[in-house]
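Please read the structure below before turning to the comments.
Chain IDs A, B and C follow the sequence of writing; residue 1 opens each chain.
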Amino acid sequence: MNAAYLGRRLASMMLVLVIVSLTVFAITLILPGNAAVMILGEYATPDQLRVLELELGLDRPWHVQYLGWMGKLLAGDWGASMRLSVPVGGLITEALWRSAALAAAALAMVMVVAIPLGIVAALKRGTWVDLAISFFAYLGTAVPEFVTATLLLIFFAAPDRGWFPAGGFVPAAENRLLFLYHMCLPAATLSLILTAHIARQVRSEMSDVLASDYVRAARLKGLPERTVVLRHALRNAMAPAVAVISLDVGYLLGGIIVVEEVFAWPGLGRLIIYALQNRDLPVIQAATLVLATVYALSNLVSDLVIAALDPRVRYA
Amino acid sequence: MLDIWRHPTGLIGSCLLALVLGAAVFGAVLAPYDPQLFQPLARLQGPSAGHWLGTDQFGRDILSRILHGARATIAFGVGATLLGVVAGAVIGVTAGVVGTWVDSLIMRTIDGLLAVPDLLFTLLIVTVLGGGTGHAMLAVAVAFTPGMARISRSAVLSIRTREFVQAATARGESRIYIMAAEVLPNSVGPLIVEATIRVSFAVLLGATLGFLGLGAQPPSTEWGLMIAEARQFMFRNPWCVAAPGIAIAMTAMGFNLFGDALRDVFDPRGRR
Amino acid sequence: MTNAHLNRRHVLAGLASAASLPGIVQAQTGTPRKGGTLKVSHSTRIAQLNVLQLSGPSEYLAVDMIYSGLVRLSPTMVPTPELATEWTPNNDATSFVFKLRPGVTFHDGTAFSSADVVATFKAILDVATKSPARAVLDMIGDIVAVDALTVRFDLKVPYADLPVSVAHANARIVSAAALKQPLTLLDTTANGTGPFKIESFDSSRFLKLVRHPGYYRPGQPYVDVVEMYLFPDLAAEAANYLSGAMDVMLEVQQADFKRIASAPNSNALRIPSGRFVNVVMRMDQKPFDDVRVRTAMAYAIDRPTLVDLVLEGLGRPAKDNVISPGYRFLADTPDVSYDPARAKRLLAEAGYPQGLKIPLVCSNRPAIRSQVGIAIKSMAQPAGFDIDVQTIPHDTYLANVWRKGNFYVGFWGMQATEDAAFTLLFTTTAAFADTAWNNKEFDALVEKGRSSPDEGERRRIYAEAQALMVRDRPSIIPFFQDVLTASRSVVKGWSAHPLSRTFYVENVWLERA
């Protein structure tokens, strides 16, 4: 791997994160108007409100607040949640791992299902198999997560069937099997849209590669179809597919917000919804920044993988 | 345009779109009932001759609500996308045409904004603006802007190197003239394709916001909100959830298929 | 609710030595078995465990198990002994002496004494603590430790209901030592005297409590472990309960109640309560400064149908009187039947012969507010009201509409006393006087009722106050909402309370244990 390329990509990622942090900070600066009211709720008395507003200490100029926040953040002090009264760092790390497990499970499901589907559709191009897969692919991207999640709840977790738990979470440390069992429905919901999307991509990439001179030459050489498809075509179709998967991490991070809420999965998505509903500024700031970092990192990794698969990219 | 109907995807997409747009235009006239009419004695009924798609928890006719909601839903999707496209195009074309450090600054900012997932970005903005249909639409538009800006910029860049633009530059035309007369009309194609597909995302985002209680608010007939309100009753009358769910899927699929077919027409060499 | 009319002195004497309450343990047959784990599901987050500050519905269950107060309100809203075994007022109800229970220990083994009581109440009265209990206890002038097991409350004004106020769910006793440390420690840790102590707490999903072996009621609690699981999605919560994964569903939604009540091995409980939704009509602004407009609104609502539509029938129609049948001093006030023609006439008399077009603002939390709004819009149409229902986010509502707008939907829990119900919303100096009624006569009646030690006189005074309230109708109170909860049949002794603040989990036992 070319060190200069890596350095350049890392530098641009840092810049992106600085911009994200500025944006998030600006957004939370506009929010606090209602923060004190929101935290104390309907039962607040005016003197309690005053006490809280002083505690929040939002009277300093914005750049002082921003630099102070960033400085502390880099030093590892993420502040304390205004609502949950615990350090944000621990809150986010814990939630992040839970979300990551869910996302990884969803991605694994996608790989196992989407790539073969795409290959089959490309090989059977124009037949009813291809049509069925394409239809499913379009349908998959047209149904929002909350509808999929609701339908899965009705079909697989209805009380009289009870094949799967209707949401909830068991730590892996406590019981690994139950942990995976609770993960099935949310991961399936998440993977549906991605499967549709990636199967479509793999199909079109594979179709192109299969039609290329290069594959035709391999076929003419008399290589068995299996070797042609798996060795030659798939490898060439993978680079674009990896790029799409990394883009889909963005979808995944968005989808997780809804899916975690519906299935009571205590990850980053639920934390963000809770923080937004309750105007928990430190949590909103940190969680958004963490999600953006994850996204940026996944883009970086995909760039590196693509560069490794396709040497021309490194010099682009 | 006839080309579109030769693709099976284009044909299906057009049919779905025609159905949904028809509902948006004529829905209010076609609806058999007032969408807000309470029928306390006919609550949570399944499909029947009187109520083709059944009734919800207040005994309101689901078909009438969906027909009325079509306009709100389409207007939301198209409105948010249009706003996002226009804002994105202005920013992207500016960046592409002006170039230099302005381009770098705009593009780095856009990279930063694109690093926040769409739904999260939309949620943040809606929270700042304070919920409701209008604010949700604005939020989706803002969330779309960076993506659209990047696409229009790259469209501009690819056109800038083409002969007719270079010829205009050689003729000594002003930058603004080149932008308005040569670059913009020629970058419209990819923008329209992207915008059509984005409408389906906008509809899905709007429905999701409605579901999370941050978009349309009761008693609106927006489809996502209909599902959110009816979810509690889903075991008693699954149609409360299924009917608006199908409506959302049809709309999103319609725009998606149509957009894909459009892309093939605009760019026959395109691979999809 | 007949128990609510028990003579006060009789109650104080009779319960001084009683360890358990009639109607709670005895309602279940069989001998309690020890052991087992009770799994409870809830839909609102346990954000914190600071008993002095919290206000979430699920948080109240948690601290009812972890902490004890001096007294606790029984399901019939009578103060019963907890850490205090008996209490005596002086003649004019300006000073109360509480005798404390001997031999009580905190979870860490230290002994409980009057110093802890004094420290706790001083903390509550401190503004910086931000305790919801302060509003109902601010009549306390001083609190004195007479000896290690006796405290005296000296009041600024006569206040007959002090024992009820002291039973406030946020006024549980925290050790004096814990109060010397930073208060934020109380958010995640607890050292109480209650039947259970914290084993582990993850505010995003889970709270696990285990038996406190030194609990002062011998042999109790029965279950070894209580686990509370958070399910933010209501449909998922119901499915989990019905599949048997959970033993108790803390709060059942109206939409699910019939399904849960008819499920096998499930007991659904429905407790009449004084929770209400009200339509606030600000009296110092047009058009509601005219009593005819407010009365027209009252007659434009079909209350029994509203209960059916919005509450699935799980509530009781109300007559704009904030005092529900659960209170001791309920007075009979005139019925308000659905009469759009009469409402139309009243509107015309008030100068709106063409009807009245007006926006009604509803917060989006909880959803019942806009449901009521939408239903009222449709009911009031024939009476000439053209209501435009506007649902807005809760924070915008709190910041811009609540206590400022002239027509919006409020949502309130039941209060422990008549006095608390009146001074929450309706007196001139009420904590949240959002109707701007400002009626001196009503204020005086409430003042007199609170300080009068004589039962009969209080009944007469409170009846007058209620009559005044329905005459002027500062807000529409269309119904009282029942409290709904459910437990599986292996769970014995699970109960609910009209205030949803006390739960008596120490009486619960499991048949499978």
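Keep this in mind: a contact is a pair of C-beta atoms (placed from the backbone, for glycine too) under 8 Å apart; a residue touches a chain by one contact, two chains touch by 3 or more.
Small disclaimer: the values here were computed from a predicted structure and weren't measured.
With every chain reduced to the mean of its CA atoms, the largest distance from chain B is reached by C. By count of C-beta pairs in contact, A-C exceeds the other of the chain pairs A-C and B-C.
The distance from the centre of chain A to the centre of chain B, with each centre set as the mean of the Cα atoms, comes to 22 Å. Centre-to-centre separation between chain A and chain C, using Cα means, comes to 41 Å. Between chain B and chain C the centroid-to-centroid distance comes to 45 Å (mean Cα coordinates, whole Å).
For chain A, the set of residues that touch two or more other chains comprises 150, 158, 261.
Multi-chain contact residues, meaning those touching two or more other chains, occur in chain B at positions 231, 234-235. Touching of two or more other chains is recorded for residues 235, 395-396 of chain C.
Contact residues of chain A toward chain C in the complex are 33-34, 37-38, 40-43, 45, 47-48, 51-52, 80, 83-86, 91, 94-95, 150, 153, 157-159, 162, 165-169, 261-264, 266, 270-271, 274, 278-279.
The residues of chain B lying in touch with chain A in their complex are 8-9, 108-109, 111-113, 115-120, 123-125, 127-128, 200, 204, 207-208, 211-212, 224, 227-228, 231, 234-235, 238, 241, 245, 248-253, 256-257, 271-272.
By the touch criterion stated above, chain C contacts chain A in their complex at residues 45, 47-48, 50, 55, 127-128, 130, 132, 134-135, 184, 187-188, 202-205, 229-233, 235-240, 242-245, 263, 394-396, 398-399, 402, 431-432. Every residue of chain A that touches chain B in the complex is listed here, in rising order: 12, 15-20, 22-24, 27, 30-31, 131, 134, 138-139, 141-147, 150-151, 154, 158, 204-205, 207-208, 250-251, 253-255, 257-258, 261, 272-273, 276, 284, 288, 291-292, 295-296, 299.
By the touch criterion given at the top, residues 234-235, 253, 255-256, 259, 305, 308-309, 362, 364-365, 367, 370-371, 373-375, 377-379, 389-393, 395-396 of chain C touch chain B in their complex.
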